[in-house]
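The first chain written gets the first letter, and so on, giving A, B, C and D; residue counts start at 1 in each chain.
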């Protein structure tokens, strides 16, 4: 965002989906419903979505953020190159969120979060995150690009 | 035992009871029933028995062993001077067993056992001990005084 | 201050009648003089403090609200040897355990009024940095210290002190702001003492009940509670309820109007639900019969009181199922245990965890009731018959006086409890579990249960013996003591082993 | 080998009829050629191996014995990315968990036939020393490796592979000596895929069922099982049973005679017991109606399949209560979860602990049955009416053919499931929990449930909305998705908060 940050009035577009071979759609769908209620335009790709489809959809819809769900544990394999794919597609600065059960097994959240930040996600959300928390984070990041500092550093 | 160890034929006498302000009688009673069935003469002092009553009874009945039950956690306070009291009463070599829930709280058994051995008990038994195990240990100790080595060392 | 209290020579003869005001005043003076902290007790100040407490910190209000809202409250047990440990414990139970009622369990020296030994226990606990006592020595610490505990929590506090000698502990506890006190003359004397006579135990609790009534006269309702779990060892519902009815009559006689009844779980869904319903019903029946028609008698269900398994997973099952049983049975509260039960006093964390397991179980079983089941009605009828036969006989033996009747009935074995340490009791009655998991009476001793009822018990137990291929004898009772603590491969053998 | 299988142009039209022997032989050849390990499958050798297994390592025998002895067996889920981890897991579940049935869950790449991605997952798992896959890549490892797993345990093995594409996994699994396989054409296609058509899913499972029948022809009975839990998200019993009946007809059509039915728990004691009974009953009714009068249809109850709470204590309550529900409901087995459920795949130890909690719960609830309760009968009637209305309509739409009827019914919304990811489905039907904890249908979509039945559901849900003071709308369904995962202070507010 930074440079091309737009007026708060414009309806922001968010691409959502569940990455990889993951079929867990319930949380993703409920999140989508909440985001729409909160005023966002949601482009919902549904379950079992390959990484490149997210990016294609984001380019096509000039999305402001991509919201990747991964519940089934293999997200760590599916998400590795996600930021690179974004950069290749010219989406250097697109806001990237990831949420769900992001690794296999019960692992310390701080470590998991760091792994996903290292992959280039602006924010990662732990298991069981409620929609309010997501909406609050989006508001923050769209208002003053909070993640900007860190993104600039990358 | 050692010196005055008697023939295996004689009926051995065991003093049992629950020490201190402890009212847990069930296990002690079931243990007593099992010991009698196994051929021992049991002098049962019951619940809430002060240390000196065990020793008085052992002297009076020329007992071969004292079996102290402590379930309620305060055994560590009640049993401290038990061996000394025995020695004072001329029962240097009497076999001393203790069993039950011997300390307050869930503590590593090896540490608890050591504490009671340090107090002068020949054997200490962990929570939930079944009567078979007690009878087997008595048999061992009365046959070849197994604890003897350690007792001699004291 | 020995284990056996010798009655004053000038003492009035035993009866269920209310202790007259002046006599009681003299008794209190003597009692409070027995240990230095007794001097801290100031009834006026105590009454003021109780009145200053919000409704949600007064146990009688909280119990009544639970009834009104159809809730099942949770309460743990818990006591440590120093004030610091005790405060941390009570805060943890309140905050992390969501306990609805926060306890202070006293240590066993205090229970036996060995206050100087308790003093040494405090010192040792401080020296070693761990609790050497199995509870909080409330009398040694005194009123002001105990009040800091009440102030540290946002729930009502209850004193748990399994003892036949509650006279000082109750004075200190009530003065500190505890609004509940567990214990009763019959139940605790028969199950927690060896040499104390039933008469002495009853007298001691008449003091406590009279004290609660004194607060009541001053406008402060306190919650008294009867520990029907007795020796906690396979107590059939009827035996618990028999003591409950008699203790309730004694308490009401002293002026108590808020009297809870506790029942240890049998671990049978139907039997426990039946017990909980019949307990409330019969206590009311006998209280009314004796002219007490305004006593509030909520029933509390207790997590399994017998021997626990060592495996934390199996223990978790007992805890959760215990929540289910309490909720389905319609208990007003449940007293919880932890996965440490087989080993020792739980840490605050394990204790809080037991509370949460139970609370979730209560949530899950909301709105389930068994009232329409025929076996539920059958068990209720059975319990009613058993209780009435014995209670009527006891009252008869006392010419209508519950106190006298109880003492005589214990002597005669008419009133008896299983596995008792007390020498004033025959303790010949012996329970065992039947093939369907109900607790039955294997040997009634001299208890006057109806013949047909005993026949039913025998049938059920013979069925178990038959199915297991073991003789019909007292070993059925002994194996029932161990049963629930056995490991899983013994309880449910695997297919390869069994095949 | 993409996500969407394109049917052969020469393929026979869809029907519930049995695949002819020669056609099936050709299908097998093609199938086994799709991945190198397919060549390891040798039917004769496999049949010999199965016959060499003792009874207690064959799932059909074990399930039948459980029925005969009135047992409720325990079975966990479990899969890790490498053979070493998987073996350790299965041994732990067998020995420390006392599992009666030991599972091998495949990873999600395998489920979607992305075998080369699975290969990378194995490498990564080895490199990092932890499982990067959410299950065992059985096809990549092949028959010989998988057989070492069966040899490492003393229980029957079952393959758990939530997929619409089971053709290779089942060949490998059965050849390795697994005697059970979970999955079905309707249930898994509607709940585990996005783009695969119902027709393709049915065809794929007809292959698997025909394969099981082939073993049967050779004298080896295998246990097939239908996963009625669907999306695991508040599935009302009738919807699970509808798919169960239809999938059972399809399996029987291919020659399967040992067909288990799974039901996710609603967490309501009465509703779950009713569901378990009616499920077996209606499957038998429709099977017989279609001329299959020798199909064994044991019912398995599944621990809560929706979102779990993060607190291990609350999770323990779900686990234990789940054991209670299965036992009281008379399920032949229960599939367990662990206290790690909300976070991720459990460690072997946590998984074994969940098994033991459940097993103890089963012991405690032995012999409890609800048959005499009127609300139990009411719920059974309700489920029967719902199932019959939809199944009859589906069969009607297929002119009596379950396969055709299903495809058409899904398209029309007559057959529908809540929260489905599959685009061939309307997924308009929406469940919610009522004030008494029963799962009800908030919005039936186009499913042809009887009017009076839907009226009853609406009444119960309006009652909840009223009690909670919220509108009667779809938010009732959303809050019901979260409900069980909420923290305790939200589920049961404390007295001070509520007051």
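Throughout what follows, a residue touches a chain if its C-beta (ideal position, glycine included) is under 8 Å from a C-beta of that chain, and two chains touch if they have at least 3 such contacts.
Computed from a predicted model, the values in this text were never measured in an experiment.
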Other chains in touch with both subunit A and subunit D: none
From subunit D, the most remote chain by mean C-alpha position: B
Inter-chain centre distance, subunit A versus subunit C - centres from mean C-alpha coordinates, in Å: 56
Length of the line joining the C-alpha centres of subunit B and subunit C, rounded to whole Å: 31
Centroid distance [mean C-alpha coordinates] between subunit D and subunit C, Å: 45
Every chain pair in contact, whichever chains are involved: A-D, B-C, C-D
Of subunit B, residues touching subunit C in the complex: 18, 20-23, 25-27, 29-30, 33, 46-48, 72-74, 76-77, 101, 103-107, 127-128, 130
Interfacial residue positions of subunit D with respect to subunit A in the complex: 3, 81, 107-109, 111-112, 114, 117, 120-121, 124, 130-134, 162, 191-195, 231, 233, 307, 310, 340, 342-347, 350, 419-421, 423, 478, 481-482, 485
Subunit D residues within the subunit C interface of the complex: 54-56, 62, 65, 71, 98, 100, 154-155, 267, 269-270, 309, 311-314, 316-321, 323-324, 353-368, 370, 372-375, 435-437, 488-489, 491-492, 494-496, 499
